[in-house]
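In the part that follows, the structures are each spelled out as structure tokens.
Below are two complexes that have subunit A in common, paired first with subunit B and then with subunit C.
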Partner chain A sequence: MGVKLLLEKAHVEGIRSYEVYRREGGYRSVEKALKTMSPEAIVEEVKKSGLRGRGGAGFPAGMKWSFIAKPEGVPRHLVCNADESEPGTFKDRYLMENIPHLLIEGLIVASFALGSNDTYIYIRGEYAWIVDILEQAIGEARANGFLGKNILGSGFDCEIHVQRGAGAYICGEETALIESLEGKRGNPRIKPPFPAIQGLWMRPTVVNNVETLSAVVPIINMGGEEYAKIGVGKSTGTKLISACGNINKPGVYEIDMTISVEEFIYSDEYCGGIANGKRLKACIPGGSSVPILPANLLLKTAKGETRYMNYESLSDGGFATGTMMGSGGFIVLDEDQCVVKNTYTFARFYRHESCGQCSPCREGTGWMEKLLLRLDKGQGKSSDIDLLWDIQRKIEGNTICPLGDAAAWPVAAAIRHFRDEFEWHVTHPEEAQKRNFGLAHYADPIHVPVG
Partner chain B sequence: MSKFSETQLAEVKRLVARYPEGKQKSALLPVLHLAQDSFGGWLSTETMDYVAELLNITPIEVYEVATFYSMYNLKPVGKYLFEVCQTGPCMLRGSDDIVAYIGEKLGIKPGETTADGLFTLKTVECLGACGYAPMMQLGKHYREHLTKEKVDAIIAECTKNAAANN
Partner chain C sequence: MSEQPLLKVTIDNITIEVPAGTTILNAARKIGGEVAPPAMCYYSKLQGSGGKCRTCLVEVSKGSEKDPRPMPKLVASCRTTVMDGMEVKNITSPKVLDARAGVVEFLLINHPLDCPICDQAGECHLQDLSYEHGSEGTRFEFQKRVFKKHDLGPYIQLHMTRCILCYRCVFTADQLTNKREHGVLDRGDHAEIATFIEKNLDNDFIGNVIDVCPVGALTDKTFRFKNRVWFLKPMNAHRDCPNCSGKVTLWNRGDEVFRVTARKDEWGEVENTEDGKTAWICNTCRFDKKKTSDWVIEGPREINRHSVISQGHYAGKIGTTQPKETFTAVHDGRQPKLLMDIHSVSEVNRPNIELSLINGPAHSADFNKKND
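Up next is the complex of A and B:
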């Protein structure tokens, strides 16, 4: 059993309530922070912890906090990004549903560190019932003196407000989220200015993911240095992985980033192996936007070394032979799944979610969706595969926000590693409608070049 | 034209109070949710104009937002809206079959509403329930691990509730 920092108490009976959460040691970090630490000291602890943003980008959280501008007389805001929408990702929901006070506790400490008196949780609109759970927890925290005026006699005032989105993946991008919180369309802003300088209502703002803010609680309790001892290299602490697809035990798992991908998939503690006794074909380990890898490159790097569940190891080999940790949305495909079809659903997703501001993304995602549908239906031409490659190249890096890249990468990786499956759809159009291309050589041991 | 009740107006006031003075536009998304829930599950132009007036913003500011976000319905929908996820992780667990089965059972295609106005079938993109696939949203809650038997039970439950409310 690995270390559990976030989910250790998540299944204690009644942990959703303040009484049980408090009895189990909850809100100790608020007491420690507000009574014995300065805001600057808290930022230092988070820096020391090596905590990286858990929403997908992996940017060091303490550094992000230290960027916040502090102009005289201008209020600052902390915004919690609970707009969890990356296909394959359902970890923030799990935290908020099961142990909502952990997020509230982390938010109070972070608000104090950043000087935010009005903090907002922006939650995806579909998670409507979770809004009630969070508001209940906020009400209990306020009733017990952890929110409101002069918290624990520290002189610090704080309120947390829950704002529901209304169905838009793009609002997970921090500047689009800010626009949405201002009551506008979720169109990302051009940076700079960065939110830390001019964010919500043009005031200095920090936007952090649910899991990132929850991790502040153990960091303050145990100290940044102790937290940094867990994990490996720049992958410190624990990470929540939401596992789904063709596995025996889909669900949310907390890992300490030292386990191998193979152990994560096949061990009974985690995914419990591939469902229905089938074989592993491919995996998208960090949410729909990260590169898909065939089984052989997933379990071992191109150098033939074991691949581990952490930021560095998953990205070993770059995009040529590696992938990314992303949001931890771990999607597993068994031998009966079609990579062309799966890639088509992602392309359709990104076309649906493109905000339409930038031409390469607005037009390109539509083209990719049409081409992939055509290929999947056995109506494609061989040149369509090259055209797809060309389009994704023209989207990547040419848009205001990372949605363009997120739409391009899955298509690029699918063609890079599964080109024969795409070609088979062109050369065997009728057969492709009746059966699947299958496992092919994707699970064969990889050839390791000598020297 | 429908207007908010006193209780609902108090809720609008509570929402607006969460933002700084003059930033009442920030309440637009929550107020549109309230309007949709209160006025038959969709937003008519009249409703949007009413919301604009309440928040002291221009109607175009409301239309811009209402047309951008997928949860706002701009035309009438059935009493029970089945929003079935069809993105990768759900597809891998058989969401295509669930969509087809619901369509067959209700005699409608995605995007359509049954003649009695009870059911609308809609396909949607990822709702963050990938580990509990296939799934759909029905009202405020998710229905997960869907099977044909579960779909039968959900349709029977809705039909029964509708009859009880009439």
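Up next is the complex of A and C:
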């Protein structure tokens, strides 16, 4: 049984209400932080904990906090990114739905550390019912003196506002989120300036993921050094993984980043193995935008070492033979799934969600979708595969925000590891419509043009 | 005013000193020529423009004197400010040229390529860009996207299929008019410039969106299909206008004024007046004053002699210069010489054969027969 920090109390009866949450030891961290610690000490503690951003990029949260500019007389803001829209990721929803006070508690501590008197939760528009849950939790926290003016006599004022998005994946990108929060069209801004200097209403802003901010609570309670002892290397603490796909037990699991990928998929404590006794074909371990890995590279790295569920181990081998931790949307594909169709589905998603601001992403995502649809339907040509590779190469790194990269990586990885399946769709167009390719011959690395 | 320190920046091995806060693109424009990256969305007169089209991507091979690390990705030169000692590669970087070719391809896959019927042809930035960085063929084998037509009123014609979503017209309406009525609707590849409720664009200065449009998406309805720009003579003219500076370029053919535009500099941007303000012009000047008698003509406008607009119109300072010397004078007394005599190579085109004497259409056999 692994360590549980976030979801430890998530299943206590009535934990959504303030009374039960408080009885179970809730809001201790607010008391500790506001009464005994200075904002700098909190930032220092988070730095010591080695907590990395749980939204996908994995940037150290303490570092991010220390970058915030502190000009005289200018208000600062903390924004909680709850615009969780990545296909395969649903951990924040689970957290907010089951134990909303944990997020509120983390937000109060983080707001105090950053000096944010107006803190925002930007929540995905589709999570309409969670808005009510959060509003109720905020109301209860305010009624009990944890929000509002002069919290716990510390002289610190804080309000938390919940703002709903309008159903755009791009608004999960921090600068697009800020634009949307300001009431504008959700186009990502061109960086620099970074939000830490000029963010919401051109004021210094920190944007953090729901899970990151919730993790602040155990860090303050147990101390940064103690938190850093959980996990391995630079992957400290616990991580929520939302597992889905062809597994026996889909759901949200809290892991301490020391277990192997194999254990995570096959042990009964977590995913419980592949459904219907099928074999594992491939896995996308961090949400739709991270590279897909075939089973052999997923369980063992290219060097033959066991792959673990943590930031370093998953990205071992770079993009050639590795992948990324991402946001923790663990999507498992069994032997019956078609990688071409799967890649097409992702490409369609990214085409639909591209903001249309910069040309490579706006035009390239649509082009890739059309090519993948053609390949999937058995009407493609073998030159289409090389063309896809060339398109993704010209999108990646040339766009304003990471959505271009996120659209390019799944296509690149699918071609890199499953090129024979793409070719089979070209050479056997009719058969490809009737049956699946099955397990790829991925044991032999296939030459792919570099770029 | 205190002396501003100048920063040294090297672009394509040419070093130039610019004040702090200058973008790489503007520094490169000071050098001029091919060193200046192409810009489809950046417009120096519009705040907040740029960064979107990605044609001006450059490689920063050395960040600055203090921090010499290169930048990991290509950067948009229009929005990246220079640092002291920065080294930038534009046309000397294969990576940049490759990325730029990619961007041109992306911009063209859904472009209708209807240049023969497009009013912008001849002064279109996308034409110039694809001429310089595009490839001759296309790899796009699907239907191009189309849009529902929007009527923007009696003056401005919108061709959404030609639009590259540079947002320049949106910034123009934002910054020049008191109430913006058009914008970008939808997102991704179905994003479009439109007014939400079929509204006329009728602000006094809204005509300037035609001038800032880099492609033929927004064109002048009073000029539509009337003439090709290269058949017209651009003349500088002015009038006493109560609304704007009144300094314009008239596009004449004979005595007839076909269209009126603002005066544009070599980067296709509206020029400044003497007092440093941008010489945007009002709708009255642009659309209503189409008689020569409305204007005081200042003289012909200088147009880059490489532009198709200058072809065949002016000799001398503007347009193609015809050398006055004889050929032998230019070539130090050497006589011109054909490198290859076609008659000595071709079996067919022999001067001693009279085609009229051959019965019926000539065939190669007819020539070989008499080949003696």
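The rule is simple: the second predicted complex is superposed on the first by the 440 of 451 C-alpha atoms of A that agree within 3 Å, B and C clash if a C-alpha of one lies under 4 Å from a C-alpha of the other, contacts with A are read in each partner's own complex, and residues count from 1 in each chain.
Here is the rule we use: a contact is a pair of C-beta atoms (placed from the backbone, for glycine too) under 8 Å apart; a residue touches a chain by one contact, two chains touch by 3 or more.
Please read all numbers here as calculations on a predicted model, not as lab measurements.
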First, second, both or neither for A:Arg185, with subunit B first and subunit C second: both
Partner chain in contact with A:Ile331 - subunit B first, subunit C second, else both or neither: first
Comparison of subunit B and subunit C by subunit A residues contacted: B
First (subunit B), second (subunit C), both or neither touched by A:Arg362: second
Subunit B versus subunit C as contact partner of A:Asn398, first or second or both or neither: second
Contacts of A:Gly88 with subunit B and subunit C, given as first, second, both or neither: first
Subunit B versus subunit C as contact partner of A:Gly62, first or second or both or neither: neither
Which of subunit B and subunit C A:Trp201 touches, first, second, both or neither: first
Partner chain in contact with A:Gly322 - subunit B first, subunit C second, else both or neither: neither
Contacts of A:Glu353 with subunit B and subunit C, given as first, second, both or neither: both
Set of subunit A residues, in rising order, touched by both subunit B and subunit C: 168, 185, 352-353, 355
Subunit B contact footprint on subunit A (complex, rising order): 75, 84-90, 93, 118, 124-129, 159, 161, 163-169, 180-186, 201, 242-246, 250-252, 284, 288, 329, 331, 333, 337, 341-342, 345-346, 348-349, 352-353, 355
Subunit A - residues contacting subunit C, complex: 168, 170, 185, 190, 351-360, 362-367, 370, 387, 393-395, 397-400
Complex contacts: residues of subunit B adjacent to subunit A: 18, 20, 23, 25-30, 32-33, 55, 57, 61, 64-65, 68-72, 86-89, 91-93, 125-133, 137, 140-141
Residue numbers on subunit C that touch subunit A, as the complex places them: 50-55, 57, 73-74, 76, 79, 98-99, 102-103, 105-107, 109-110, 139-140, 142, 145, 164-165, 167, 183-184, 186-191
